[in-house]
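Presented below are the structures under discussion, each in the form of structure tokens.
The same chain A turns up in both complexes below, where it pairs with chain B and then with chain C.
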Partner chain A sequence: MNKDIVESSIDNDFETFQANDALAFSDALMQVKRAAFADFTTLNFPSTKNEEWRFTPILAISKGALSVLPVAISANAALKLNAAGKEEFGNKIIFINGHYSASKSNIVDEKGIKISKVIDSIESQEGKFNTLSDNHSEPFSALNTAFFNDGICIEILKNASIEHPIIIENIFTSTANKHFIQQRNMIIAEAGTKASIVFEYTVQANATAYMNILSECFVAENAHIELLHDIQPNHPLHLINNTFAAQKKDSTFTCHSIATDGTLIRNNLSVRLEEKNAICYLNGLYIATDNHLIDNHLAVHHLVPNCQSHQLYKGVLKDKSTGVFNGKIFVHKDAQKTNAYQSNKNLVLSDTAVMHTKPQLEIFADDVKCSHGATVGQLDENAKFYLMARGISQEHATALLTYAFASEVTEKISNTEIKKRLNTQLQTKLGYSFEAL
Partner chain B sequence: MLQDNDKILEDATNSEYKWGFSSPIDQEFATKGLNEEVIRFISGRKDEPAWMLEWRLSAFEAWKKMKQPKWQNVTFPEIDFQEIIYYAATRKKPTINSLDELDPEIRKTYDKLGIPIKEQEMLAGVAVDYVMDSESVFTTFKSQLAEKGVIFCSISEAIKDHPELIKKYLGSVVPVRDNYYAALNAAVFSDGSFVYIPKGVRCPMELSTYFRINAENTGQFERTLIIAEEGSYVSYLEGCTAPKRDEHQLHAAVVELITLDDAEIKYSTVQNWYPGDKNGKGGIYNFVTKRGLCHGKRSKISWTQVETGSAITWKYPSCVLKGDNSIGEFYSVAVTNNFQQADTGTKMIHIGKNTRSRIVSKGISAGSSQNSYRGQVKIHKTAENAYNYSQCDSMLMTDHSGAHTFPYIDVKNSTAKVEHEATTSKIGEDMLFYCNQRGLSDEEAVNIIVNGFCKEVFKELPMEFAVEAQKLLQISLENSVG
Partner chain C sequence: MISIKNLHAGIEEKEILKGFSLDIKAGEIHAIMGPNGTGKSTLASTLAGRNTYEVTAGEVQFNGKDLLDMEADERAREGLFLAFQYPVEIPGVSTTNFMRAAIAEKRKHHGLPPMEAKEFLALMREKMALVEIDKQFMSRSLNEGFSGGEKKRNEIFQMAMLNPLLSILDETDSGLDIDALRIVANGVNKLRTKDNAFLIITHYQRLLEYIVPDFVHVMYEGRIVKSGGKELALELEEKGYDWIKEENIVQ
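For the complex of A and B:
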């Protein structure tokens, strides 16, 4: 019954969306959007009967009577943002309630980076746009393709090595409360480039944000790209974070997904290793508290021989939180000499917290080395005792050991400034500080 | 080297299924198809009491409302349940006391299978219950077991002679509505084994059942129920073969185990149903529901399986660890060759405090086969200090076979410790080289390596079975080198 209401409201939304001349999509793009909308109508919002969404109810989104239409841009004009951007350094790209704000954005490394709105670059990137997104089976990819109207296209020009991280920050105000914001990004790293890209989320007081973000990331030959999803919004955030990456010869793609806050976080990360000697490192850390749910779904496709993938995901679950991990490794038929590793380790620190983990290997080639490991457990009692015997309170010993457990992931971040900031935030989050010892 | 391997593999795929004969035994069939009449016929044919018929009919009602599950990682054309004969039994009802009175054709079948009943009788080894198609043919050693109070008989006899036990336990572990095939089995099951071990008794011998599908177009739906009372112990073995047929045959059994306080059941299977020919034609669909309930404190259930046969193996022997301090174990070797498919694994459901479980699964894929491990470890909120260790290793023999792992781990208690690890690899060339260097042929080398790979599981099998399993593995992978 409710489903009908939601469906019809989305139907209406799409009609309104189509009729909106101000958006001025090209005919070609409108065609893509119509097809994606048709896909979404078939797929609909996934229920927990869908294997991929078994432990992740999204009722707040599907039954929340949210509008998928963009937030009126005029509402942003009046906004006074006193603290736009967490970092004082780096290249900043600011989105407010889903709209790119050119005036608040700032690009320091002008050489080597080309920034444009995604709508404007679709034509020039025709062979790339919407080629990685899986609209036929992923409902949120389809929804995003159908309804996105803003987002950024970042091109790292050939052989450029970008010194400062490129920070894409999404800021939500209470104006966006009943909106399910659809944002579409493209990251195109040309041959021989090196760059770090950070996604950040800030939700202001009194705001509850809903976002479906989709980023397609093309890593060309010998490019080395590091992506960081830094999800610590401090106020309620429902985020469906879709990242698709495709890698060419000798490239490296590193993705860190750090989520320590947010009501519902779903990371869909899919990497295609398309040419030989490509390597990907996928790291994740999730610290869930209260009744939050953090879900990481990964898929690595080994399509050709001699590639490597490494996954390390660690989770800490407290209070009534839920953690979900599903890591898939597909080794396709011709992908001989593949090395694929996956490790998922979890600390369940309360009796009311729940962890669901499902590491999954699907292997169709014989000359491979694949392994996965998954653990769910607690802190080592001996280690805790050791600390307590030296006069450290139980509370601090727990915090210290949890921090040691979690920082294995943050330590892998290459940019020292960002690493430092994340580690500090982590310490605060876990209630651990040197001073208190 | 690689070329050699290909040739050797080709030879392996040509190896014959050695149990593919069928016996011309005078049999009686139910009419083809499934309806209330057929269920009444089966029940009537077995002189069952009215409550049993009602139980079957209610299962049939439930089954009609259910849909065939589709989530598994195996593919097969939809089964037409009206094309199956649900009951086939030897016409002469065997009321025999010694083996000599058995139908000579059945004896021949026996001998061809190499079940050494006579031999075992002499060696005082194993008590055998032999189920051909649907009917239990013969149970040896009944009197000797009766001395200890152990009941080992066909389930139809048990329905007549021990209705109170059947009423209490049948369907208590695998409820009628548990799943599609369990409901089907509950409606049409024809026979199977029943074991009851009284309080404090350690069963003096290993109990064994041999399942054989003989007739064409028949499905086999047997039902096994094992009850171990307080402080008792039993080791139970199960073996299966079938003749070569071009069409697929369905085997949908239900096995229920119950252990009370301090009891232990060890259940071993060597499954060698006809796997189909090298083009994937024919073979048995082995869709079985096996589940054990550790009801009592400190009880233990251990599953060991060696799966080499069947066109499709699709089963998850599970343990429900309800009693505090109970233990569940699962050891499995699944070998697939040619076009065989296997989706097998286990479920460990931890409910009681201090429950422990251990999973060791070894998958070997050759030919164009697909081999999946699917397992679930579930720690309920009540399961304080639960511990699970799982290990699943896969070995790939060819580049067109597949190995898959789908472990589900669900933890709802903060004191639980769950460890899972899995690896996939091919037979190491360095290992082969090492063996070759010491004068072993490729074939011998593979044998040694594969046996080493599976050793952890084989050592759990009773000795005679371990030998058989090793031989079976050798035949299944004859001449194959990774």
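For the complex of A and C:
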């Protein structure tokens, strides 16, 4: 019964959405959206009976009576940006309740970057838009494609090396109705480029945010792209974060998925290694507290010979939190000389926290180097005693060792500004600060 | 400084310390020698507060306080130091940050303000020179990939930084070459004052040529079976431990 209500509400939403002249989608896009909506109607929100969602109930989203329509823009007028309190550096792209705000955004590295609204780039990027996700099997890709009306297309122009990070900040304010915001982005890194791109989330006090974000990332020949998902919203955030990347030859794609806060976080990350000598580094850190859930689902597709993929995911689970890691590696039959590595290490710091970890390797080539390992454990008692034997309290010893465990991931961030900020935040999160000593 | 009376401790059903007693006064250096497996490390760990060992009887007064009543961290802040027989490798924590944390907590415990950064660095430099450790070790992960000798020197470095009242050195000399041994001994001798004390657990009398003890005790099966001056170490070196074992079996 309940399910019918939700479905019909989404049906109504799509009717309303189609009828809204102000949105002005091209006919071609509207066709894509209709097909995606049909896909979503077939798939529906996944339940825990769906193997891909087994440990991740999304009732807060599916039964939350959320609207998938855009938030009324007038809700943004009152926003005072600095209230968000993030220090300013780099190129800033600001979204408020899902709407791109050109006036509040600020691009400092003008040479080499082209920024446009995703809706305006679909035609010029034909053959790219909506090619990496699969609306037939991925409910949130289908939902996103059907309902997105905003998002950004970032083009890094040929051979450009972008000095400062490009920071995409999604700010959520409290709104009259609850919205499940659908955002669609494209990152197009042309040949020979180098850039760091950061996604941040700020949820203001009294707000609860729901977002389904999908970013397609095209990494051309010899491009070196670093992506950081910096998820520490400080207030309730339910985030389905879908990232798809496709890599051409001699490129590197590095993705750090850092989540140290959030009520429900699901990172879907999928990388296609499409041409030889492409390398991807997928790093993740999740620190879950309370009854929060952080889920990382990864898929790496080795399609051609001589590519490498490296996954390092580390988790800290406290209180009644749940962590999920599912790492798929597909080595297709032509992908000889593949080097694929996966490691997932977890610290479970309370009796009531749980971690579900599962590697999933499907290898159809024979000349392959592939290794994987997963651990779920507690802090090393010997290490703790060693610290305490020098006068460090149990609480601080725990924090210090947890920081040491977690910072292996943040240390891999190449941009020093961002790394420093993250490490400081991490220390604060763990209740321990070297600087404050 | 410390007064250990009839200490019994062990794990689960197994008693390892069986009535260990010893008094150490400020300014003294005591050495404990004894065969392997006799409980020397258990004594050191129990005094330092490792929870693995359960104390079943006895009492320990340290600097006027009930030592057994305190957790490991508090014992350390009160001035007890254990140089580990097997120092632990701690990836991701540098020696510098480790020492900064340890000193900060000790000062706080004694009601002192945090040490100025400049003062801290000067102290680090002075103590690194004392144990001849290169400064590149300070930013590396604690003990990770250090050689046996480097780990032991790092223990003495930490001791020097924390300036404890009572230092227990658990086989700090084993596995050291003669140069490292000299450095460790020199460290102890330089740190020695009339107000602090040392308990040196060793297997060989070699170290005691460099650090001259006031008293030597022989430990066997969980307690002291013989005590004497520094000449007892030489006697043990000559005769080995068999005569001690025999004497005690006869009893």
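One rule holds in what follows: the second predicted complex is superposed on the first by the 427 of 437 C-alpha atoms of A that agree within 3 Å, B and C clash if a C-alpha of one lies under 4 Å from a C-alpha of the other, contacts with A are read in each partner's own complex, and residues count from 1 in each chain.
Here is the rule we use: a contact is a pair of C-beta atoms (placed from the backbone, for glycine too) under 8 Å apart; a residue touches a chain by one contact, two chains touch by 3 or more.
The structure presented is a predicted model; accordingly, all values stated were derived computationally and were not measured.
**Q** For A:333, using the defined touch cut-off, is the partner it touches chain B, chain C, both, or neither? Pick first, second, both or neither.
**A** A:333: touches chain B, not chain C.
**Q** Between chain B (first) and chain C (second), which does A:316 come into contact with in this model arrangement: first, second, both, or neither?
**A** Neither partner.
**Q** Which partner does A:362 reach: the first (chain B), the second (chain C), both, or neither?
**A** Only chain B; A:362 stays clear of chain C.
**Q** Comparing chain C with chain B, which touches more residues belonging to chain A?
**A** Tallying touched residues of chain A, the top partner is B.
**Q** After superposition on the shared chain, which partner residues are touched by A:378: those of chain B (first), chain C (second), both, or neither?
**A** In the superposed model, A:378 contacts chain B only, not chain C.
**Q** With the two complexes superposed on chain A, say which partner A:51 touches: chain B (first), chain C (second), both, or neither.
**A** first
**Q** Just chain B (first), just chain C (second), both, or neither: which does A:350 touch?
**A** Once the two structures are laid over each other on A, A:350 reaches chain B alone.
**Q** On the A-aligned overlay, A:404 touches which partner chain: chain B = first, chain C = second, or both, or neither?
**A** second
**Q** Quick check for you: in the superposed arrangement, does A:269 touch first (chain B), second (chain C), both or neither?
**A** neither
**Q** In the superposed view, which residues of chain A touch chain B and also chain C?
**A** Looking at chain A, the two contact sets are disjoint.
**Q** Can you list the residues on chain A that touch chain B in the complex?
**A** Answer in residue numbers: 51, 333, 336, 346, 348-351, 353-378.
**Q** In their complex, what parts of chain A are in touch with chain C?
**A** Going by the criterion above, the answer is residues 380, 382-383, 385-394, 396-397, 400-401, 403-405, 407-408, 434, 437.
**Q** For the complex, which residues does chain B have touching chain A?
**A** 71, 379, 381, 394, 396-426, 482
**Q** Okay, in this complex, where on chain C does chain A touch?
**A** Chain C residues touching chain A: 48-51, 71-73, 76-77, 81-82, 84, 87-88, 90-93, 97-98, 100-102, 104-106, 109, 114, 141, 158, 162.
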